[in-house]
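One chain, subunit A, appears in both complexes that follow, with subunit B as partner in the first and subunit C in the second.
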Partner chain A sequence: MMNEPPPTAVPQYADFDFELDNNAQRLPLVLCLDNSRSMEGRPVQALNEALREWTRELHDDVSLSYSVEVAVITFGDQSVTAYRGAEPLHPGMNLSPFVPAHAFTPPTLAANGVTLMTEAVELAMHIVAARKTELRKLGLQYYRPQICLVTDGLPTDGTGHYTTTWQRIVPVLAEEQRARRFRLYAIGVGGITDRGQAVLRAFAPTYNAQLQGFPFRELLQMMSASAAAEQKGEGEEAFEKIFHQFRTQRPAWEA
Partner chain B sequence: MGGAGKGGAWRTHGVSVEGYRHRRTGTPCQDAWDSAQWRTGEGEDPVVVLAVADGAGSRPRSQEGAQLAVRLATEHFGREAAELRVPAGDAVHGLLHSAFQSVCREFLVAVEQTGARAQDFATTLTVVVITPDWLGHLSVGDGLVIVRAGTDADGAGLFHLLPQAEAASEYSNETVFLTSRDVGRWVRTDCVDDPGIDAVVLSTDGLTQAALTRFQTPNASFLAAVLGPMESPAKDPDDDEAELAELLRSDRLSAVNADDKTLLRAVRV
Partner chain C sequence: MSARGSTGTSARAGTGRRVLLDGRPVTLAERPLKGGGEASVYPVEGEPGIVVKLYRERPGPEQERRLTRMLAMSPLGDRPVDSNQAPELAWPTALARSPEGVFLGYAMRRFGEPQHVQLVGLFTRSQRLRLFPERADWRFLLGVAWNLAFMTARMHHEGLVVGDFSSSNVVVDRNGFVTFLDCDSIAFTDRETRESFPCLMHTTDYSAPERQAGGPASTESDDFALSVLVYQLLAVGNHPFGGVPHDSQEDSTVKDNIAASISYVVRPEKVVVPRGIIDPTVLPPGLLTLARRAFGPGVLDPKARPSAQDWLRALDEERGRVRGCGARPRHSYGSHLTGCPWCARAAAGGQDLFNPPPPRPPAPSAPAPPPPRQAPAAAPAPSGSDSRKLLLVLAVVIAVILLVTVVAAMEG
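So, the complex of A and B:
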């Protein structure tokens, strides 16, 4: 986690022996991804390709690569899974799922099973709060975290049936967002129904979108653009503008 | 003699560079710095004023705000300190607050004349006043001031971070500006009475990660490196400006902070 930043190549100062550990201001970013059965086939392939491409772009950004910390949570199969980079974390493993972007390798996801969306969002909130506590203990400053929820369906229980348990986290999310503890983006993709989209609107009243197709690449680029806006100290209107552009100006081929 | 005044002139030099994030988008640097020396009496050391400012990234004219703030600060803090010649202690806090109010008044008048909203010029401001008797510090926002005084057992200079203004939020990119509501509540002032001070470094928050360790203590290796070229009377600090700017733009420093960066150095010669 504490790799040295890149070397300095400045003639006069290159010889100066000053120490600098990676005390960059951190930006925790959680990708909370639906990999239930409805994502099987081309959608999950597109997601995996987009994750690999986004990772390359993150590595190329000198600053985001040392500032952004990525955690991946999936909800599909029969469970919610947190990944530390490409490796799934098993229950009982006392490891943070956050990996600095410069060291991040995305998991290769498969799609199967049910949509435990409520539990996934709860886990995302939990790991963000825990990471903030860790960062404070480490003496590291941080930006407002980002959580990006992506789904094409409705929340289900472990048997795959629609459940209203998602309603229990609506007031919690409202309070967390009011207190500016993170920015939550909730994106409906593929054939998400109006009912499914209503859940996302309830979760993220400001940053929700219903998109045709599976524009994962643009979605992840929007996450990076928002992270960069954090680094520039932009106001809320800048984040709303970035999101509006993402929601409305996607290339026509995706429609 | 007290304060920062064991005698001698001060050599000052500053540089501001756009941060990595602004460079990627072609946005100009929104930081500014200024310094000035005010004569006091015949044969006496002048009053030195150092100021840095960080224009708010979210505001369209914050670059102008930062430039205006440092210019007004060197003028008002310098004039009041040179004319009033107050002793170290409470009177210094009073002087700093008085000069700050003058800066704010003139700042608001100037921006009002543009017809734009004052918030569009939002900027932080950090000021140091060095007199023969004391060193005064006033800060609004997240600028840093580090002084060097005393030496360790090996003869290396010891660096000390002056207390910073209270953080405005848990997030490192959110701070208080001259134009913020209730700005007076967030102003931090200090009076340092230490004749051993022989170097002062001011920076905007873009250099926090370089100038300080993660435990908020001065990073002596970095500070000694950037003060080095200032120490030799034979060298002109302007000569190393390009290299220093290149260092501030380097990947090594950009990796730990993408913000604009300002470094204002002063050493006693």
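So, the complex of A and C:
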């Protein structure tokens, strides 16, 4: 569905193409969000609020706003959906879901349906690889992308029953992370079970967390802090510190 | 966030932490302004003029000695002479300790937006127009480069090494004055004890190869970072190590191009450069020569790099010669060019890098890319005088292309 490089800009030079003068090294960031039925009500509201607030902060961040590119993938509502900003992309639209952070507007999500987590993670890997190819063709460099998977449940099939298909991507994810193709964050929220958390641990051995409640605001701030660390060229230790502070949900100075 | 009364040391209640600044108790805001891997910077309640940087992990005794020593120093002391100018260094003003006396970090003056903007804010048109509405033309960028070179030359003269030098930890104000923020990473040697305090931080996009390989910060590694920053300012944001090596299937970064000494400023044939990249010949010849030294032989040979003094001299020569274009606002350029390169670029179908875009054409079919935040008004119909202007601009373009060719031939 997204095998051909989607056009990201007007094909010829044009002054209204606001990315034309931006040669900054890019940082693709994918939010891979669970919006299945169990997220209904307060949780999905909290997620929407946090996305709006994070977007405002991102727009104001002089360093990140012209480097980070955001794509959103949701899994719930019987399907996996990629968003280009606030707009859901239909299969076959052939558009990249990545939007420069300064122009990003978040979708307003509703919660419903099943948890097609495996397919969502596969799509996340796919769009990251496609965007890299596209950026290389444009002569644009990129930092190591970040994928953030957030869920409160277990992977299911289209009928809502638990499925073991997630196991097929574990070796793929391990190899991709070993080759430093992206950093994967896998965050369990709400009442995620130990079984659900075991899936996230298998996906992201370094950056997984099981959190009380729905601390989406802190989660998105952690993604920004990690993006800033990546821009600075920090070593893995710095990312681990940032993640540790987030996971323990304590103020920085208590860490 | 309003100032709150003291609630003791309890932080869980949603109140910021209490710390002592040279013994004086203050309350920090609950949330940091900025948090990195190593430290977070907090506003101080009731004192908008200062911020406190707290280290994430308890700093060691050498960091406490470093900051104690820094408090006794006043580098670049007789500057600034102009009262409008902010200090060039966000120097520590007090040690921050816990109520129990444990060293946690330090206080410094706050250099925040909108008065002070990270240099990177000068590197894209929309941020320039938003953050520096009237001032940010090429003359301004050259002036900022001069101020940076001056600051660096002064620091080197006083035995200080910036160490972690980047477009994020230098801020610039409306007048183009610069301030270096992360002074606790500056490398220096204590004149009395001879203890040397190395710089342990660096930003890879500005790191010379020897620093990427783990070597210590030096005046030469500063010269490398300064060269990159000056080039970025004069080339309106373009990083000299941008571009992707031909036929690259690998992940491609600025860091890799620096390590492999691949700069399109010197070897344009080696990379696919992004569309819309600015021709290095917008730099006046004296400055272009320095850039080619820095990004050619100077990449792998620290001694071959132009020094901060070299940059300062060359920038100073050009400062008084900058021309204004007259045809469009905020267009100024080096005296080596006979026509305005920014008009030429706009006319050639590129962008006017210093002025807002014209009204957008009608939306194409399918979902349009998100609009710029300030939607322009409806498009006026082109008039006869507009097309005459266009012809004039085209003539200028051709003249500039010819000139650029001549200059390139002379350079070659």
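Remarks
Following the convention adopted for this analysis, the second predicted complex is superposed on the first by the 229 of 255 C-alpha atoms of A that agree within 3 Å, B and C clash if a C-alpha of one lies under 4 Å from a C-alpha of the other, contacts with A are read in each partner's own complex, and residues count from 1 in each chain.
We adopt the following convention: a residue touches a chain if its C-beta (ideal position, glycine included) is under 8 Å from a C-beta of that chain, and two chains touch if they have at least 3 such contacts.
Since we're looking at a predicted model, the values are computed, not measured.
With both structures placed on the common chain, the touch criterion links A:103 to subunit C but leaves subunit B unconnected. Within the superposed three-chain arrangement, the count of touched residues of subunit A is higher for C, of the candidates subunit B and subunit C.
By the touch criterion defined above, A:225 reaches subunit C but does not reach subunit B. In the superposed model, A:23 makes contact with both subunit B and subunit C. Contact with neither subunit B nor subunit C is seen for A:246 once the two complexes are overlaid on the shared chain.
By the touch criterion stated above, A:139 is placed in contact with subunit B and with subunit C alike. Under the contact criterion defined above, the residues of subunit A that touch both subunit B in one complex and subunit C in the other are 8-9, 12-13, 16-18, 20-25, 62-63, 65-66, 132, 138-144, 180, 228, 231-234, 237-238. Remark: subunit A residues 5-13, 16-25, 62-67, 132, 138-144, 180, 228, 230-235, 237-238 touch subunit B in the complex. For subunit B in complex with subunit A, the touching residues are 19-22, 24, 27, 56-59, 169-174, 208-210, 213-216, 219, 221-222, 224-226, 228-229, 240, 243-244, 246-247, 250-259. Of all residues in subunit C, those touching subunit A in their complex are 11, 17, 30, 32, 35-38, 40, 54, 56-57, 104, 113, 117-118, 120-121, 123-127, 131, 166-168, 202-205, 207, 236-239, 242-244, 248, 251-255, 257, 271-277, 346, 348-353, 357-361, 366-367, 369-370, 372-373. Looking at the complex, you find that subunit A touches subunit C at residues 8-9, 12-18, 20-25, 59-60, 62-63, 65-66, 84-85, 87, 93, 95, 99, 102-105, 132, 135-144, 180-181, 221, 225, 228-229, 231-234, 237-239, 241-242, 245, 251-255.
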